[in-house]
Amino acid sequence: MAAEPILRTEALTRRFGGLTAVNDVRIDLRMGEIHAVIGPNGAGKSTLTNLLSGDLPPTSGRILFRDRDIAGRTPHRISRLGVGRSYQKTNIFKPFTVLENCRLAAQSRAPHALRILSRAERFRDLARNAEAALELAGLAQRADEIAANLSHGEQRQLEIAMCLATAPTLLLLDEPLAGMGATESARMVELIRALGRDHAVMLIEHDMDAVFAVAQRLTVMVNGEVLESGMPEAVRASPAVQSAYLGHGE
Amino acid sequence: MDFYFFLIQVLNGVQYGLLLFLVASGLTLIFGIMGIINLAHGSFYMLGAYLAWSLAQYTGSLTAAIALGVVLTIALGIALEQVLFRHLYARDHLYQVLLTYGLILVFDELRSMIWGDDVHGVAVPALLAFSIPLTENLSYPFYRLAMSAVCLVIAGALWLLIRHTRLGMMIRAGASNREMVQALGINIRLVYTVVFALGVALAGFAGMLAAPVSSVFPSMGGQVLIISFVVVVIGGIGSVWGALAAALLIGMADTFGKVLVPEVSAAIVYLVMAAVLLWRPEGLFKR
Amino acid sequence: MNRRRSDIALAAALLALALFPLAGSTFYLQLVTKIMAMAIFAMSLDLLVGYTGLVSLGHAAFFGIAGYTLALLSPQYEAANLWTTLPAAMAACAMFALVTGALVLRTSGIYFIMVTLAFAQMAYFVFHDTALGGGSDGIYIYVKPEMKLAGRTLLDLGDLGQFYDLVLILMTAVYLFLRRLLGSPFGRALAGIRANEQRMRSLGFPTFRYKLAAYVIAGALAGISGYLAALQFGFVNPEILSWHNSGIVLMMVILGGMGTLHGAIIGAFALVLLQEVLANQAWFGEAAKHWQLAMGVLIVLVALFLPRGLAGLGARPRKGSADGR
C-alpha cells in the first residue's frame, strides 16, 4: 500500500484578510489508503477540503494531483479529474428522487450529457451506474423515495452515493458521520472501510472511534497547521497531540 | 462649457441624485431587511406627489400638504404591511413580484379614479420661490437647493437612526440574521412594520418634494421605480450608503448625459449599471 | 398516471383550439392568435424562470429584435420569405442572447434580474433613438411574408384562418420541443442547476455553459413569438421591447404556474382573457373602465392564495418526482 501519492500538497496556505485558516500544510493521499484528518473546530479542516475540491482557491502553495498542479482550478474541472467530495452540511437535490440524485451525478461523466431530444431514462448505462452507487451505499431499496423524505442518516448515505456515481479515484469525505446515531454510524464506517480499499480517501471526522477504526494514516491539525502526521497509533501517543487535542476531553 | 453652466449641471445632478436616494433608500431597506421585492414602490412616490398636489389645493399651502401627506403615507405603509406584506416574508421572491405588480395596477387605477389622468403643476411655496443669480443670464432656483438640503438632512437622520439608536441596531441585526434576532426576543414584527412604513414614507415624501419640480403625472411612478432599482442594485442590496453613492453617481451620469450626449442619454443609466455589475456582480457596497 | 391525464387534457385543448376557427368571429380569432403567440413567448421564459431558475426581466428584447428583423428584412412592397426571415429572426435573437448571456450570467439573483433589464432597455433605446429602427414611430410591414414550397403557397399568411393554423402549429411544436428538451439529460441538468447549482458544479457539470445554452434557446424561441406578432399586426415599434412587456410575460409565467410549461400557456390565456372580460362594457357597464383595478386585485389574490399559480389548481398535491417537478 506504499504507492506514490495520488495527491499531495506543498506549503498550502489560505488567508482570509488577517486570518490564516490554513498555513503551510503538507498532506499526501494514496490509493487504497484512508487518511484521516482531525483537529478541534476551527483548525482549518473544512478549509483544507475546500482548497482540495476547488471550492476555494489557495493563497499560495501547490496541490499536485497525479503530479499536475491543480491549485485554483474550478470545482467542476477538479471533479472531472476524478475527485469526489461529500459535504459536512448535507448537499443533495432535495426535490428529486434518490435514484435521480445519483443518475444526475453519473450523468456528469457521460459524453452524451448534452443530448437534448432523447429522454434521460433511455441512457441505461447512467441508470446502472447510479444503481450500483446506491447499492454500495446501502440505499438501493430507497431508490424511488424523494430525497427530502429520507432520514438524516440516509441523506448522509446519499451524499456519499452521489460522489460514488461519478466514479472518482479520490474521495474527500467531510464529516460523513455528522449527526448520525449508533447503527447508522456503524454502517457508514463499514462503507468507508470498503471504499478505502480501491480509492484514495481523505476523511475529516470528529468521531474518534470511527477514525481509529478505519484510518491507516492520521494527521492532526490545530490552528491551520499540521501538528503531527503519521501512523494513527504513533500520532495518538505523541505528547504534543495529547496536550493540544486528544487530552482535552471527548 | 463655461463654469456656471457646469455648476448648474452639478447642482442639478446632485439634486436629482439625492431625490433618487430618498426613494432608493426605502427600497433597499425593505429588500435588505425584509427580503421583499416591492415593485409598487414607485407607486408610493406617485401617490405622494398626487397627495401633495391635491392637499395643497385644499389647504393652500404646500408645506402643510407635505406634513399631512407624510402622516397619511406612514399610515398607508403600516396598513399595507399589516394586511398584505406580512404574508409574503416566507414566500418565493417571484410571488412578491406578482403581488406587487398587481398592486401597481390597483394603485394606478385608484389614482385615476380619485385624481384623474391629467398632468398637474404644483406651485413652489412662496417663501422658497426665488432664484439665486449666478451670471447676468443664469440663475439657480432656490427651491432645488432647498430640496437637496432636505434630502441631506434626511440622509443624516437615517445615519443617526441606523448607527445610534436601538431601532437602528435592531435593523442592522435583523438584516444580518433574522432567526437570531427573533430568538433574542426582539420584536421582529415591530421592526418590520416600522421599516416598511419608513420605506413607504421616504418614497412618498420624495414624490411630494419633487412635485413642484417635475410636475405630477401618471407615469411618474413607473419611471422612478426602474431607476431606483438600478440605484439599489449598483449600490448593493441592503446598503443605505451604497444607495447614496449609487444615487449620486446616477444623478450625475444622467444629468451630464442629457447635456453632453442627448441621443444616448436614456441608455446611460443602464450602461453604468451593466458596467458596475460586470465589475462587481454584487454591487458596490454589498453587505 | 399523472402524465397520461395531462396528455389527454392537452390533446383535448389542442383539438378545441384547432376547431375554434369554425365557431369564432374575426375578433376572437385575432385575439386567440395573439394569445397563442404570447403563449410561445411565455413558454420560452418558463424555460429560464421555472426550470433553470433564471429570472429575466429583459425577455421582451428578443420579442422586439425578432419583430424588427422581420420589418427590416421585408422589402417595402413585396412579400418576404418566411423560410428565410423566421430563421433569421431566431438567429438574431440567439446572437443577442449569446453575447449578452455571456455577460449577464456572471451575476445572479436580483442582480441578474436587473442586468437583463438593463440590456433590454439598451436594445429599446437603440430602436427608439437611432436610425436603425425608424425611431418611436416604428416600421410598417406592408406586405405579409409568404410561405411557399416549390413555387406553391403552403399557407396564405394574409388569411386570418390560415395564419391562425400556423400559430397553433408553432405553439404546439414549441411545447413538444420544450417537453422533450426538459426530459432529456440536458433538461435534467438544468433542473439540477435550479435545485442546487453549487452541487452540480462540484459533481463536474460546467454550469455556466448549461445556463448559457438555456438562455440562447429561450431567446431564439421568444423570437418566434415576436416574429409572429409582428406578422399579425404588420407593425413594430420600440414599445414591444419595453420593460412593461417583459413584466407582462413574467406575470403570465408566474400566474400560470412556473415550471410546468402548460402553466405558461394557461397564464397567457388567463391574463389576456381576463383583461378582455374585465374591460367588457357590455357586461360591466361603467365599471369596465376601471378593469385594471379588478385585474390588480385578482392578481394579488392569486399571489396570496395560489402558491403554484393557476396550474396548481387542478393538480394533485406536489409529491416531487424523478425530475423534481
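Just so it is clear, A, B and C label the chains in written order, and each chain counts residues from 1 on its own.
Convention: a residue touches a chain if its C-beta (ideal position, glycine included) is under 8 Å from a C-beta of that chain, and two chains touch if they have at least 3 such contacts.
Computed from a predicted model, the values in this text were never measured in an experiment.
Asker: Starting at chain A, find the fewest moves between touching chains needed to arrive at chain B.
Answerer: The distance in steps between these two chains is 2.
Asker: Farthest from chain A in C-alpha centre terms, which chain would that be?
Answerer: B
Asker: Which chain has its C-alpha centre closest to the mean of all protein C-alpha atoms shown?
Answerer: The most central chain, going by mean C-alpha position, is C.
Asker: With chain centres taken as the means of their Cα atoms, state the distance from chain A to chain B in Å.
Answerer: 49
Asker: Any idea how many Å lie between the Cα centroids of chain A and chain C?
Answerer: 44
Asker: How many Å are there between the centre of chain B and the centre of chain C, using C-alpha atoms for each centre?
Answerer: Spacing between the chain centres: roughly 33 Å.
Asker: Can you list the residues on chain A that touch chain C in the complex?
Answerer: Contacts found on chain A: 53-55, 74-76, 79-80, 85, 91-97, 99-100, 103-105, 107-110, 112-121, 123, 126, 146, 148, 162, 166.
Asker: Touching residues of chain C toward chain B in the complex: what are they?
Answerer: Those residues of chain C that touch chain B are 49, 55, 103, 106-108, 110-111, 114-115, 117-119, 121-122, 125-126, 128-130, 243-244, 247, 250-251, 254-255, 258, 290, 292-293, 295-300, 302-304, 307.
Asker: In their shared complex, at which residues does chain B touch chain C?
Answerer: Residues of chain B touching chain C: 31, 37, 84, 87, 91, 93-99, 101-110, 112-113, 222, 226, 229-230, 233, 237, 263-264, 266-267, 270-271, 273-274, 277-278, 281-283.
Asker: Which residues of chain C touch chain A in their complex?
Answerer: Interface residues on the chain C side: 180-181, 183-189, 191-192, 195-196, 198-207, 213, 319-324.
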